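As written, the chain order gives the labels A, B and C, with residue 1 at the start of each chain.
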Amino acid sequence: MQMSVQVHRGTSNSRNALVGAGVLLLIAATLPFWAPAGNASSWMREFVEIACYFTFAMMWNLLAGYGGMVSIGQQAFFGFGGYVMLMLGNFAGVNPFVAVPLGALAAGVIAVPVSFVAFRLQGGYFAIGTWVIAEVFRLSFGNVSAVGGGSGTSLTALRGIDKATRETATFWMALACVVAAIALVYLFLRSKRGLALLAIRDNEVAAESQGIDVRGMKLAVYVVAAFGGGLAGALYFVGNLRISPDAAFSVNWTAFAIFMVVIGGIGRIEGPVVGALIFWALNKFFSDYGTWYLLGLGLLAIVVTMRFKQGLWGWVQDRRGWSLFPTRRQLVMED
Amino acid sequence: MGALLATIGLTAFYGDAQALFGIDFELGAGEMVAVIGANGAGKSTFMKAVTGLVKTAPHGIRFAGEPIGGLPPGEIVKRGIALVPEGRRLFPSLSVEENLLMGGFSKRAGPWTMERLFKLFPILAQKRDQPATSLSGGQQQMVAIGRALMSNPTLLLCDELSLGLAPIVIKEIYDALPAICAEGMTVVIVEQDVAMAQQVSQRIYCFQEGRVSLHGRSSELTREQISQAYFGIGSEEAPHA
Amino acid sequence: MLETLIQGLLLGGLYCLFALGQSLIFGVMRLTNTAQGDFIILGAYAVIASLGALAISPWLIAVLLLPLAFGFGYGLQRQVLNSTLGRDPLPSLVVTFGLSIVIQNLLLQLFSADPRSIETEGFNTQSIALPGGISVGTLPLVILVLAVAATAALQWLFNRTHVGRAFRAVSDDKETAELMGLNAHHVYALATAVAFVLIALAGALQAMRTTVAPSDGPLLLLFAFEAVIIGGMGSFWGTLVGALLLGVTQQIGFRIDPGWGIWFGHIVFLAVLVVRPQGLFPKTRG
């Protein structure tokens, strides 16, 4: 008796979500046209900021949750992307909006020699090692007077454009980045390479014995995550207009990314989305409390890690079986 | 007659997979019983269940009349069960002497001391300060046995003593068993080498896919009986020629 | 040049005290404590706060703090950190990272961002004249002596005591150690307790030698980590040597240009990582 088996990927939930997302995207993209005049500017700026946090968190999630590499030094690429964008804009006369993807590219490229050093370490020590590397970036840029040394400098290349146009362009770019980040990670993980990545994450030795090029895959993930990190950084400083080593290479970027991913749920695509929304909400209501707010974030991260190992979305997913970005394959027996 | 160790319908899981499907096992004081079976038959899981490394239901295992299922390993060694683990599992960072000292951690009273162990295995006295894993395979096995004896158990479990050892070394190890059993030690050996198992033990249990497929007195069981039980031939599912 | 070397060695003494606790915890339970530096600063502030309340010598306070630190470390490991141990390094990293943020912001809230220090009535400016016309600060020299003593004590603890045997056994094979009757959770907590004694000591000395501020922690963590890696994991004497080397490297960097001191230390660390990733004195396992 033959049993036929089909591999299903989408669920009805995910199909609905896709339609819903498309509608949301349309509404968001047209925001500059329908938002009340007083709010448009601040809403767009707020979105750009959260988009940068989110993209960065997505990349950290890719690296840690799927690549199995926990890094506390991704801010090296965030800041590098920002600085390259600024240098291209200020010194090479490149349009800053064009310089954003170029900055991302530069971050991806520099990730290769960096990986040569970073991959000497594993696990927890890999994490701290990447932090050291980020510090080297920070101190190095802090000693380059051409970009203002320790106190930083401004992005002069956008001086000629009026505020509304600049803000709208930045907003659309941010929207594009968010969509691109989600799409990139989603498609990558659904591909054969993504499956290989999951195999590596689950058991590196077994994966290697199956012929998977573990080293190559890890490098690929590291470079992609660096590219995404650089994209987020370049975008952030196009919006911010002013860069400094302490802001660009601050470990807080990674801290917030970790927070978003852990609260939302690591290794799941929806995780950083949920985490970013929660983070944005907490930020909106509590950031005025300064140190208490940050303290609370830290405590929340600790509690969630200890009690809800799969994050809040992961907990929901386990209980309800929801999946908006299904990357799992389900075997369905047909008789 | 009360059994020293008894399991009744013991089930156990290795991770998510069920490894034992209702093992009935009995062992009297002073006996030497062998457990044989192919790889994956559940022999090691059985050892781990008895010593608390694998969680089981409380009343599935009784030792000296008390239920011990699910107790932590530290508690079980205090009650007098010691395991010589499969693959020896010596501590690489510790010397031979320190490994033996670790065995005596639970401080049970009894005849076994380090001096007595060195009399049993003289080569270990020579190498007492060397890192335990720098010794030969057979010598490491002696350390592992010694380490288990240091806790002065009433029941000694030996999981695959002959694993990876040359025949002449295996004989040397098994030649030491009578000295260990001389004072009434109860021993269970898990063995791949069926001939050796039959030779040294009084009774044999054969495991097959998590169940007891055969048990009886070693002197009475035939080679054919054992082979059938070992490989599961003679049961309904097996194809007949 | 000799002066730079000596200054570097003295600095390395302090780095050794930063690093020993980390080396111990990682060695016993493979846990990376990213809040190491922040706990050191917390220790410093504990002494500072006590000084405000009690009118006794800071040295006495530091000594009284040590058993408290022992208990704190034990409790922290048992209640919080033990549940993060396992094959996945992420939970322990996130939890210790979270602790780092909590500590920094708590200290910021309680003490403000102004740098503070511990008054030692001029002890930290005293110096001893050595033959050859060089003078070394008395406090840095005391710190170096304490660092060497702590290293020797830790090595002795590991090699010659019952507790040290237990540390090595659970670090080798937790399951088999439990088979012998060891309670791994208790042993881990003891290790962390010892590490926190060193952390408290390091914190007190740091605040005597220089100023401390709530956000100083992360940099101290990096120094501790670099010292451990350069020296080679699994060896306390290696950690001492690594710390001394780091101190000397930084001093050389400071000499060349004050802005490049720490950067130079980082670069040398990365170079060691590339050329000899196992460190200078890695412990070889049998």
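Odds and ends about this structure:
Here is the rule we use: a contact is a pair of C-beta atoms (placed from the backbone, for glycine too) under 8 Å apart; a residue touches a chain by one contact, two chains touch by 3 or more.
Please read these numbers as outputs of a predicted model, since none were measured by experiment.
Taken as a contact graph, with one node per protein chain and an edge wherever two chains touch, the assembly forms an open path, each chain linked only to its neighbours along a line.
Top-ranked chain pair, ordered by C-beta pairs in contact, is A-C. Remark: the per-chain Cα centre closest to the mean position of all protein Cα atoms belongs to C.
Among the other chains, B has the CA centre that is most remote from the centre of chain A. Spacing of chain A relative to chain B, judged by their CA centroids, is 53 angstrom. Separation between the centroids of chain B and chain C, computed from CA atoms only, is 45 Å.
Centroid to centroid, with C-alpha atoms defining each point, chain A and chain C lie 33 Å apart.
Interface residues of chain C, counted against chain A in their complex, comprise 26, 30-32, 34, 80, 83-84, 89-95, 97-102, 105-106, 108-109, 218, 221-222, 225-226, 229, 259-260, 262-263, 266-267, 269-270, 273-274, 277.
Touching chain C in their complex are the following residues of chain B: 51, 53, 72-74, 77-78, 83, 85, 89, 91-94, 98, 101-103, 105-106, 131-134, 147, 151. Against chain C, the residues of chain A that register as touching in their complex are 64, 70, 72, 116-117, 120-121, 123-125, 127-129, 131-133, 135-136, 139-140, 142-143, 251, 255, 258, 262, 266, 291-292, 294-295, 297-299, 301-302, 305-306, 309. Taken in their complex, chain C has these residues touching chain B: 165, 168-169, 171-173, 175-183, 285-286.
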